[in-house]
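Pasting the structures in now, so scroll down.
The following pair of complexes shares a single chain, chain A, combined with chain B in the former and chain C in the latter.
Let's turn to the complex of A and B:
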């Protein structure tokens, strides 16, 4: 509880601390001072603020602390408990999602394509409330080729025609009509032909200028692999209720492909494909996604790891402006020290190349100093001070 | 890079924090305060979609205001490199 005068005083003290202490800590200080059951005096406020500053400074990481090692152990130890649950899949309705250790490895390896790419697409206000409208958009997204809705085809060599029989159930499921298929076929340049419709589920395409069977077979292939609708890479799109709105969850991811589709709230689209986020939204977004995805995996397994360790991982992965994996082709492989690289993988190759190039080992890091039995530069050992003796 | 035909401003997306190009004076003050050279900052490629959206050129320093999980809003910098 604070009197008006004291509240002003506290605000004033807090504003002085803005550059030293993060906002969240100050906000907490303000809230708890206001919520305290006893009215605080000026002296007490001074004391509290002083204690907060001291406590904050005490909990800062010391210069020279080996934060990388601490992060590695803090993620690695709970990670060992995950190994038993390797290849654990949890079904989100009909979709499979890679979780647990395989997913964690995928993230730190910075694979180009995740093993189960997935998007969560949020919709704009006018679409998100209605299941029908959401389903309509979902159908528009699903990548559908002619062959997906075809039951069987016949080739008639006498009249040089292709008979396509459609599967009624598939047509309904994918939300495609025969007219859509006809339109898609008409866009193709496969010579001169006429299209007949003997019944509801059949199209007969008769060619007038094809002279051999090979071209006829080729034409069939072209027709079957024609896209009717959809976004490339999206195999399925499912509408799901999340909170009080409908969202679309897709099997397959194509962030670039869904740009500009009406009804989609691009601002909130989520994907688990790191590489797509990097190329469409930039390196900072990729950094944030790495943090979120690792956190999600760990939370999912019930492992409690401080976010600071995870953020260190994502920070180091995105430092050079592109996503680098933690491993041979990324962070470890680009270390300047020859011995540190040799200690990791393919020892002989690194030593050989280094000697051929005439590389210099500077002994600045941890690994190389341990190899030759020198104290490592950590903590207070980081300081380089030399005494200059003067004559008395 | 991809996406030349479909123009969309990446900065509107939730994952993308606020990026601003610093003026030369501001950049100088920042580096002085940190006591480092520009290349010691994390890098940002000039071809990065966000860098292109805000018009950052190689040699610029970009100020990034992120929402941190632990410290409210935090400010970091990236040095724009060519590539």
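Let's turn to the complex of A and C:
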């Protein structure tokens, strides 16, 4: 709590610190000072600001610190705890979500498609309050082929016709009518045919100019794999209540396909598909997603890892402008030293290739300096001292 | 690209601030180098008669010398972008 005068004073102190302390930290300071139940005096504000500045400066890392190693250890050690506990974990209702170590490996490897792609779709104001409206959108998203609503099919070779029996329950569940199916089939170019409806759940397609049975089988395949509705890649869409609004959770992810669908608040759509985010939203979004996904995995397991280690990982992975994986060889394309590469695997081949190319060893990294017995360029090893004895 | 183009004001004051102070590792390196000289018999650059005689080690003397800015040592910092900066211990 702050009196008006004190608030002005705090504002003034904060503006002096603008070029020393990040805005987010200053904002937090302001918010907590305002939210504090006791009224603060001028001296107290001075003391608080002083402590904040001191604390911030103490938390800064000294140049020369081996932050990469520290990050690797800080994520790696809890990672060993994780291995034994989970592989796959049945998560959100019917959906299966990869969690734990397999998911962590997946993120760091920067795979093109995650093993369980998922989206969380938030809706616009007029849709998010009602379950019916949300379900309607969810149905529109689900990728439904003809075969998803079919019970069984018969092929009549005498009359060259295909009999399709539909499953009434599936039709209702997916929100599809026979007319929708008929419309979808009519868009196909599979020769000349007539469609009959002997009863409510059956379509009979009789071809007039097919000459052999193979083409008839092919026609059936094409009909069954025809899309009735939906967005490609989205296998299921489930409506779930989250807080005071309804959200759609999908099995399968297609960020690009979601754009422009009415009722969807695209700005809030979440996906776990790194590659899609990179290509649709850009590298900064991908960086943020890597941090968040790693953090989520670790939090789920109850492991407490400082965000700065995770942020270092995501920043290293994205700093060239595209997502690079961290595999067995470290960050792809990062290791330029011949000796460092030769120390890892297929030593002779690396050395031979390097000498054939005429590579130069710059001794910038750790491994190569250890190999030739030099101090490594880290911590005290990177300090160069020059002595000027005449100056006294 | 010049520094001012990509440095935010925050980063700029941060970079500036290092011109007048040492990193943890630079301190350690300077003190250890000087302590080694002292241990091998080099004469101290300060009057040590006033110091606490019980804890008068080569490291303690080296620390005091660094504090009083009498060491004729310059640190050469190499930045990742190739920039080189000299920091004299005499004017910290």
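Keep this in mind: the second predicted complex is superposed on the first by the 321 of 392 C-alpha atoms of A that agree within 3 Å, B and C clash if a C-alpha of one lies under 4 Å from a C-alpha of the other, contacts with A are read in each partner's own complex, and residues count from 1 in each chain.
Please note the rule applied: a contact is a pair of C-beta atoms (placed from the backbone, for glycine too) under 8 Å apart; a residue touches a chain by one contact, two chains touch by 3 or more.
Remember, predicted model here, so these are calculated numbers, not experimental data.
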item	value
Chain B versus chain C as contact partner of A:283, first or second or both or neither	first
Which of chain B and chain C A:159 touches, first, second, both or neither	neither
Which partner reaches more residues of chain A (counting touched residues only), chain B or chain C	B
Partner chain(s) touched by A:80 [first = chain B, second = chain C, both, neither]	neither
Contacts of A:59 with chain B and chain C, given as first, second, both or neither	neither
Contacts of A:22 with chain B and chain C, given as first, second, both or neither	both
Chain B versus chain C as contact partner of A:268, first or second or both or neither	first
Contacts of A:385 with chain B and chain C, given as first, second, both or neither	second
First (chain B), second (chain C), both or neither touched by A:214	neither
Chain A residues contacted in one complex by chain B, in the other by chain C	22
Contact footprint of chain C on chain A as seen in their complex	18-22, 62-65, 379-380, 382-392
Complex interface listing, chain C residues touching chain A	9-10, 12-14, 18, 23-26, 28-30, 32-33, 45, 70, 72-78, 86, 90
Chain A to chain B touching residues, read off their complex	22-25, 27, 256, 259-260, 266-269, 277, 279-285, 288-289, 291, 307-308, 311, 315, 318-322
Sites on chain B touched by chain A in the complex	1-3, 6, 8, 10, 12-17, 19, 42-45, 48-51, 64, 66, 68-74, 78, 81, 83
